[in-house]
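Across the two complexes that follow, chain A remains constant while its partner is chain B and subsequently chain C.
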Partner chain A sequence: MIQSIITIFKKESLDALRDFRSLVITFLFPLIVFPAAVLLMGNKDANSYTISVRDLEPALITHLDRDPLITVVKEPTDDSLTEKALKAYSLDAAVVMYNKEYFNAVEIVYNNSTQKSIEALEYIKVKLTEYQMNYIIENPELPHPGFVVTFFPVHDVYQGASMFILFSLLPVLIVIISITSPIAIAADIFAGEKERNSLELLLSNPVSRFSIVIGKFSAVFIFGFVGVICFLAGFLLSVAIDSSFLGLSNLIITGTQIRSTLLLIAMLSLITSSIEICISIFAKSTKEAQLYILPLTMLFSAVNYISEKYFFIQDSFLSGEIVNYIPVLNIITAIRSVMMNREVTSSVPLVTVNLLLVIFILCISQYALSHEKIIYRS
Partner chain B sequence: MDVEPGNTKDHCDLINKGGNKVVDAVNVRNLCKSYDDKSALRGFDLTVKKGEIFGLLGHNGAGKTTAVECMLGIRKKNAGSIKLLGLDPVIDRRSLFQRVGVQFQHTGFQDKIRVEECCRLSASLYDNTADWMELLEKFRLIDKKRQTVSDLSGGEKQKLAVVQALIGKPELLFLDELTTGLDPEARRDVWEYLKELRGNGVSIVLTSHFMDEVEYLCDNVVVLKQGKTVVYGEPEKLINVYGKRNLDELFLSLMKDNQGDAA
Partner chain C sequence: MITVDSLRKSFGKNLILNELSFHIPVGQVTGILGENGAGKTTLFRIICSLVKSDAGSVYLDGININDSPDVHPSVFFGGSSGLYTRLTARENIAYFAELNGITGKELDSKINYFSGLLDMNHYIDRKILQFSHGMKQKTALVRMAVVNSQLMLLDEPTTGMDVPSIESVVAFVNIQKKQSKTILYSSHNINELVRICSRILILHKGVISADIDIDNIDKKKSEVVEAEYLRILKR
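Entry: the complex of A and B
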């Protein structure tokens, strides 16, 4: 039986690996989607900073405002120089001066989770030094205006580009890629056999229907899994190209995160692959299979939305035990947890319920494959 | 043993009552199959002996393909019994198809698979395999072994389908419109090879629209019309009984004569 499964797997893999369209959809597109976005859209205004100032000498304000890379906006009227102010006014940094009578204590507030804000901090420091130097040169008889510069880093885990990428964008893209990357091979794997009239011949070989289903499922799973890995590799590549665009300059990936992500992606790919081959068996053509597989992205995105919406609400059902027993939702929620560097608890129910779902879908597929009206549906 | 044309059941019973325990290659009794309210097969009987080439004839839609698909266990029968090499095609699928080769007329292949890979992968499914390189040589495909299937002509694909059917060293072969698309030389080659197989004890069920092919190859034929057996017997005897010059003439007359029956 193992030999039959391997043969079916090899047959499907060879065909898909030689098909340019499959390679593009499965591997190339997921790999380049993020780097392409960075190359096309990144670095556009990386060197232009919007800052707010409070209680600064007019000369210093003028010095900062004269710089083409700095835009000084009106001082926030509410409780400024807080993380809220940075967020509300889309500032890269805020500069405030304290105790002007005694010494020039300057505090720079910035967001240490975005590269642009970190760059703004460094640039303001340079500008303050420059201002000091100019002041000394222009007023050699006056006392030295030395600044005592302090920094107030703000890292808002609920907001910011990095948060959006890791919490919102990445999980939903993983879900979508896990469905779309194996779509070319999955749609063809049974529906294509029907179109080519080769399914009857396959069923007339000394191979059990179970081996056929498992062999083909394995091929779709491997392609889907590798497709998502390509997508993540592309994502890491884009971070390497321009971390400021994604706001992930401080991105640290731990070994546990990598292991957990791989396991969760494998689980997700098992689910999506099993559903896709089941659809492919029922479909009468490759086109019809693709037509039925694509709405899965919407369905899974809706599950992702539920996970995202209730993730941080302590009283939500996502904070309880029940979520661990809801297949797909538990995977997406766990992916989100891993992205936020949280610990994934209850991995046993997560794996168990999802594997049971996969087995159930494969059993339906095997049954469908022995059903005459489905085999000859055309 | 003379058999009256059309008396299928007697023919089968004679073989079964023969005393020896030789298992028929194909033994079908009272096979009925309908699609919704339309009958495709109505009490179809068939016996194919070991080392026999059997022709399944009839117009398009007569029920030939349905009969073959039911015999292979792909379609579910409504009534009757089917035994291939003494085994049930549904229950004993895996062990049975180690000994059965199948070629369908319109079977396609995955385009990007090479000819040699196609053969190698097929061979890996069988316990006991023929030398597929030899088969490729015999069917004049050896030069194409590195080519992808999409680069083969229609006739070459047809020959590859036959090679695939032969890879498992079958005891029983189902060949559907075997020589359609083949050039005359290739047809002759295939015919000679089938005769050679028959000599080695392989049973063959052949469906064809080429009456010259059937007449040349088949030991027995059955003519189907609208799911019912019209005649059954040795081609030569049938031609004599009906007073026709050849099988082609006989076939055409049978199709005409039985129009009333079909209605």
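Entry: the complex of A and C
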């Protein structure tokens, strides 16, 4: 039986690797989508920042204004430096001013919901450090000017834009990619065999239905899992190309986060792969299989929304909570926890209920494959 | 080798096989002749356990197919070759052979032998995507042959083939015949059946309407079978 499973897995993998469409959807698209976005759209006018200054010493204003990337505009008169003020003065970057209450303290007010403003913050920090260094070199006899820099985001949603990305955007993208990346191979793996009339020939061999389902499922799982890994690699590559990408300049990933994320993605891929091959068995053609698989992205996105809205924010991901026993929902909530560097405390029920769901779906698949009305559905 | 006993199968209200019974001894090549929709393919699918009969039994070497007999038929459905287009002919053949436990040198030698027999050596390592219909049919035949089953079911294997390709198939089946394989061969081409088979069963309205022993006909075998076939159709 093991040999049959390996033979089927090898054949399906080889078949999929020779399919240009599968390669593009599974590997190329996830790997290049973010880097391409960075290269094409990321920094069209990133090399100029419009900032406003107030109460700064003239030498520092001159230092900032001399920089070709910085345009210093008139001082805002409004004391309440808010997002509204940033917009009112058409400042796409930041406002720099001395704090009146603390000696030598510089405040930088920026809008953390825009990438441009976050980039400006980073650049101004560099320029302030540069100013201090120049000051020391040029005036060795004078006291150190060392002022303290503080930052005031005016659009603080989840402690910063990067947190927003990690909290909301990335989990839903992982879910969608885990469904879409193996879709070409999954839709073809049974429904395509029906179209080619090769399914009945395959079933006429002395190989159990179980071996056929497991062999094909393994191939779909590997492609789905690797597809999501490619997507995450593309995401990290984007951050490497442009450190300010999506405001993730300060992104720090721990080894535990990587390990936990990989395990959770593997679990998610097991679920999505099993559902997709089950749909493929019931479908009469590849197109029909794709038609039924695609709405899974909406279904799983809805689960993601429920996770974000009702479980994670309320900090309900704790041992004993009902969310831990709901398959898929617990994976997505756990991915979100790991992204936010929180501990996932309930891995045993998470793994158990999801594996049970996978086994259940595979049993349905095996049963369907023994049913002539499904095999010869046309 | 094959015993079909009171086999009954219907799809909805459409009765396909009606108490069908026949026996094929070991090493006999038996032809099945019948019009479209007569139930030839359904019969083949039941023997392969792909479709369940409503009633009746099929025995392979005396063992009911529901009780996992030792003999496992290798099958060829002629309507479509059922090949994987992104794989080469060799890879397609090897896939099914490996599923039947044939690997390594034994597999290589079998592929080389049968591909030589059907004059396929010059395209055995090409992808199926580039193949003509005849080339695909030949590949499917070799895929079936390397499995080395004692029971072969060929359902209209020459459909859509040109004359040289049909000749290759006839030669191929005759070689299998010499190796004492039991073969059930369906076709609409009476000349082809007469050249290959020692016995022809005419399947009509779900039953065997005629059982013709070809070896006992001295002259004009095709004409005798054709006359009998037309007589049954007109009935």
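The rule is simple: the second predicted complex is superposed on the first by the 253 of 378 C-alpha atoms of A that agree within 3 Å, B and C clash if a C-alpha of one lies under 4 Å from a C-alpha of the other, contacts with A are read in each partner's own complex, and residues count from 1 in each chain.
Here is the rule we go by: a contact is a pair of C-beta atoms (placed from the backbone, for glycine too) under 8 Å apart; a residue touches a chain by one contact, two chains touch by 3 or more.
As the structure is a prediction and not an experimental result, all values here were calculated from the model.
Chemist: Put chain B and chain C onto chain A via the superposition and say whether they clash or fit.
Modeler: clash
Chemist: Where does A:S4 make contact in the superposed view: on chain B (first), on chain C (second), on both, or on neither?
Modeler: The answer is both, since A:S4 touches chain B and chain C.
Chemist: Just to be sure I read the superposition right, which of the two partners does A:T256 touch: chain B = first, chain C = second, or both, or neither?
Modeler: After superposition on chain A, A:T256 lies in contact with neither partner.
Chemist: Output check: A:E372 vs chain B and chain C. Expected answer is one of first, second, both, neither. What do you get?
Modeler: Both chain B and chain C are touched by A:E372.
Chemist: Contact-wise, after the overlay, does A:S208 reach chain B, chain C, both or neither (first, second, both, neither)?
Modeler: first
Chemist: Would you sort A:N134 into first (chain B), second (chain C), both or neither based on which partner it touches?
Modeler: Neither: A:N134 stays clear of chain B and chain C.
Chemist: Considering each complex separately, which residues of chain A are in contact with chain B in the first and with chain C in the second?
Modeler: Touching chain B and chain C on chain A: residues 3-4, 7, 11, 14-15, 18-19, 196-198, 200-201, 203-207, 372, 375-376.
Chemist: If we count contacts the way the header does, which residues on chain C are in touch with chain A in the complex?
Modeler: 45, 48-52, 72-75, 77, 79-80, 82-87, 91, 95-96, 98-101, 127
Chemist: Taking the touch rule as given, give the residues of chain B at its contact with chain A in the complex, in rising order.
Modeler: Going by the criterion above, the answer is residues 69, 72, 74-76, 93-98, 100, 102-104, 106-113, 117, 121-122, 124-126, 148, 161, 164, 168, 174.
Chemist: Along chain A, where are the residues that touch chain C in the complex?
Modeler: 3-4, 7-8, 11, 14-15, 18-19, 196-207, 372, 375-376
Chemist: For the complex, which residues does chain A have touching chain B?
Modeler: 3-4, 6-7, 10-11, 14-15, 18-19, 192, 195-198, 200-201, 203-208, 372, 375-376
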